[in-house]
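Read through the structure below, which is laid out as structure tokens, and then see the notes.
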Amino acid sequence: MTTVGFIGLGAMGAPMAWNLDDAGFDLVVYNRTTDREQPFAEAGVSVADSPKHLTKRADVVCCIVSDGDAVAELLERDLGVLEGVDQDTTVVQMSTIGYAETMAAADLVTEAGGRFVDAPVSGTVGPAEDGTLVGLAGGETEVVEDVRPILDAMCEPVVHCGEVGQGTNMKLFVNLLLGDAMAAFAEALVFGRASGLDVETMRTVVSNGALDCPLFDSKGGTIADGDFAPRFPVDYQFKDLSLALDRAGEVGAPLSQTAAARESFSAARARGHGGEDMAAVIQPMEETAGVEAREE
Amino acid sequence: MTTVGFIGLGAMGAPMAWNLDDAGFDLVVYNRTTDREQPFAEAGVSVADSPKHLTKRADVVCCIVSDGDAVAELLERDLGVLEGVDQDTTVVQMSTIGYAETMAAADLVTEAGGRFVDAPVSGTVGPAEDGTLVGLAGGETEVVEDVRPILDAMCEPVVHCGEVGQGTNMKLFVNLLLGDAMAAFAEALVFGRASGLDVETMRTVVSNGALDCPLFDSKGGTIADGDFAPRFPVDYQFKDLSLALDRAGEVGAPLSQTAAARESFSAARARGHGGEDMAAVIQPMEETAGVEAREE
Amino acid sequence: MTTVGFIGLGAMGAPMAWNLDDAGFDLVVYNRTTDREQPFAEAGVSVADSPKHLTKRADVVCCIVSDGDAVAELLERDLGVLEGVDQDTTVVQMSTIGYAETMAAADLVTEAGGRFVDAPVSGTVGPAEDGTLVGLAGGETEVVEDVRPILDAMCEPVVHCGEVGQGTNMKLFVNLLLGDAMAAFAEALVFGRASGLDVETMRTVVSNGALDCPLFDSKGGTIADGDFAPRFPVDYQFKDLSLALDRAGEVGAPLSQTAAARESFSAARARGHGGEDMAAVIQPMEETAGVEAREE
Amino acid sequence: MTTVGFIGLGAMGAPMAWNLDDAGFDLVVYNRTTDREQPFAEAGVSVADSPKHLTKRADVVCCIVSDGDAVAELLERDLGVLEGVDQDTTVVQMSTIGYAETMAAADLVTEAGGRFVDAPVSGTVGPAEDGTLVGLAGGETEVVEDVRPILDAMCEPVVHCGEVGQGTNMKLFVNLLLGDAMAAFAEALVFGRASGLDVETMRTVVSNGALDCPLFDSKGGTIADGDFAPRFPVDYQFKDLSLALDRAGEVGAPLSQTAAARESFSAARARGHGGEDMAAVIQPMEETAGVEAREE
């Protein structure tokens, strides 16, 4: 049976790991802070002392951590995933990081003799729990097929996006579109409110048109409720738009609207909403326009 | 029985007028050029010599023409709708025009003794034919209720957005969001293509995510096919974003992302794509980035 | 001797008219409100009852009023400049208005038998008093040369920019650049302050570099002093950027950065700074970033 | 006598090093490729085998290289500046790199026992030859004063901008403003050309107004001549705007206009103008608008 190592038991990682456990994989987990490992230990899941030990034991090592620095640290320095890698190891990098960071990680793993797939996921905590994240896999077809049963335990669908790095590019594509759409929706709502329209009526109209989609439905609702509890926080959306713009600069795709969206999220961070849900991008816009989209 | 006058038998207006005819209203039509009136005459529908005569005959006068100047011309000058207005006339202005233009038209009609509803519609030719346009009505509740059976013949749903002018504001809200979303989708696709992603795979991912919506589904398809036959042309989207930004300036809602989107549509016009579908906003972006989203 | 009519005795117009008087022209003035005419009457300058009477008396009619609507009202309706125009009249339109508005005014004057020059001026109250405004003249060479002595009394230099309309386009060009530069300077200062730099040191560096110019020198000083008394108010700069973007849309010049600048001025208006100096564009940026560029 | 080490003999570095030599300092130089060292060797200047050896010999080590990676490589890895650093060494980092990169370099030097000043310079090759670069120094007052004679040999003025890192922030401030102003000037010229104005006339008007400055004077001239030989290339300006936006994101200063400017430079890169002068930012704008600012 395949032994799967899972590093990073955060809000996303924990339910993903549970899904691997439920699917019957021989699971070994690791988290930087031990409190997040506790429930797994209590349920009889193996807990590794270090990423290096985890890697030595596992056939496939999945990791989902906060950013590119955290991935680099996992692989190199004290954390030593690389020291544990051998020719039977496949590393599945699931964090949302930059393209250059992905390729650097892939090179390190490959040089250490292992195989590499980048497979960031699209979706929030709900889909993570339900196993319905969209898995965005980049890697050689054979390698992606080998790890597909593992990805299938966490994701539905799993989309093979191309060679190594293309999973990451697809994730940047998705979150670029998500960020642009969220900030555009916020601008539209503020325009409407400043013009005297009612949020509920605007929502009705959107839901009857060509832009009827889960994002506008859910964010319209939480904005109307004044509920900015984080599903996907402003800080993360800002990070992802920054990564996408970095990459766009490298590949020669000027993105003026995306650049404007990034600055809108930057404003939300500057006004103290970085930890709130991405829908909080509307808040500085409301302040400036002197309106509120919150329902009475 | 209510006599309905209908002015403007263009791509949208003609099917809307047919729906009024099908619904059994006593219909009288007018178009600036007679060729568009011909099929109605042949089907036994009354054709008026002038907007003034049409207005004299009708209880309710609907008009859907190209822009605010055309509406002003209809009401004043030679075309003389106003001369035909009396206390039993209700004018239903369905063209997409600016807020100030709407209010000016409303004032003229009201001063002439008539009643006024602004009821622009959201949707393209297909929904116009099917009677499933989204009707966005602004006016006093009593007046909107009086004309609702007429709107119902052309629209489903009919949304009462508020007092006079709010139908127009809602239309600007909808098309602002539409334009922003279209241009953002174009940026995302160009980013993806420049990064090595395949359009079909990007479409699959979008259709599995929080932005799954008719717009991205249909425009993704036509872009992949290189089909820019106009459903809603770049020129109209540019006009509507310009109107929205004018209005936003008046009500104090700064819209940096919408402003960027307008310039993207301006680029498409400058490159000769003004008469093509709004999805052609992608074409100058592709030229600059040196990529194509068209499927092989 | 040439009789010069001057309409519009505002902050700019009054000193311009005094300069005409000082230059020895036979002057007749008009202002919508009589209080602004009083000092001229007291100094023995003729005051006309109406624009129509002024035009009948004058060989050359200069006007500088608030916007395109005010110009249209002067020419048509009750104010009747056009009724006073004959084949010996030259109208010199000096207000900053849109290109389409300029051409419409030119057409009206020409149809009434008169000659037309558009000659908006660049500069603020100081240069208006000193007669050192930059005069931006559009019209046939012969006509511009005929009125040049009059312009020379108010301006130095007078630049002939091309045929009718090009004075207006040049004014839009100048104020587009001015607005963009002002908002960019504000962004740079806020960036610097947020990064821990001192305004006075930033000013020293700018004054030693390739961007050493009167605008940054003076606005840097007033910003450091927290002095936002209007030389050229935010509202006017916003209007001029809006006119430039309208015109840019017509001629097919997409201007993404100018579009962003317009929204920055829109934010300043929305936050109540519309009547303050254009440098107040920095204030919403400071609020968002939580910094102040004001010196202690 | 102070021994000065100078690393990086590129287009900027070489004349700066000659100025140190002319000022009578005991100079030792190093360049990654030996051809750039040759003229110095021929003139009797010491040439070091490696950055490490240079650092061992020198009291003050100046470096000006291409980017943050090059600086990191100089300090660490094979190049070994750090190995040569002792308590008598002061490193003066003059390259334009990011704030985080500067602070990382400062930490490394300080940990190795040395002292650190960041002193990027503003100006192009001409001022580098004339010794009139604007030196932007960040560091403790005592350390900056100690190296001021060295900076004075290359710069006039030398501006002490604050503690370590503030020289870098000031450089980002300057180049942010420069990039914004350049792209805004390009937009204005394209607007004017598309509106029928003549470049030479626009230049005359700018030179008579509040934005009369060396940048617009020189770039207006080279654009009119179609001369895009690089003084400061598009690629560098793009890099510096990217660094400034990164930093702005960290300190919470949303910069929508600067973000738009970055995308304009990105477009110039995408169209193959990355190695040309920053004024080439106008070229994709001209292509889109279908105009040319080049004089006949």
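For reference, chains read A, B, C and D in written order, and residue numbers begin at 1 within each chain.
Basically, contacts are C-beta pairs under 8 Å (C-beta built on N, C-alpha and C of every residue); 3 or more make two chains touch, one makes a residue touch a chain.
Composition by chain, UniProt nomenclature: A, B, C, D = NAD(P)-dependent oxidoreductase.
Because the structure is a prediction, the values reported are computed rather than measured.
Could you pull out the chain whose C-alpha mean position is farthest off from that of chain B?
If we average the C-alpha coordinates per chain, D ends up farthest from chain B.
Taking each chain's centre as the mean position of its Cα atoms, how many Å separate chain A from chain D?
The separation of the two C-alpha centroids amounts to 37 Å.
Hey, how far is the Cα centre of chain B from the one of chain D, in Å?
Each chain's C-alpha centroid was found; their separation is 51 Å.
Can you list the residues of chain D that touch 2 or more other chains?
Only 248, 252-256, 259-260, 263-264, 267, 270, 288-290 qualify.
Viewed as a graph of touching chains, is the assembly arranged as a line, ring, star, complete set, or other?
Topology of the interface graph: complete, with all chain pairs in contact.
Hey, which residues of chain C end up touching chain B in the complex?
238, 242, 246, 248-249, 252-256, 259-260, 262-264, 266-267, 269-270
Can you list the residues on chain C that touch chain A in the complex?
Within the complex, chain C contacts chain A at residues 256, 260, 267, 270-271, 284, 288-290.
Considering the complex alone, what residue numbers of chain A touch chain B?
Of all residues in chain A, those touching chain B are 99, 122-123, 134, 136, 157, 159, 161-162, 165-166, 169-170, 172-174, 176-178, 180-181, 183-185, 187-188, 190-192, 194-198, 201-202, 204-206, 208-215, 218, 244, 247-248, 251-261, 263-264, 285, 288-291.
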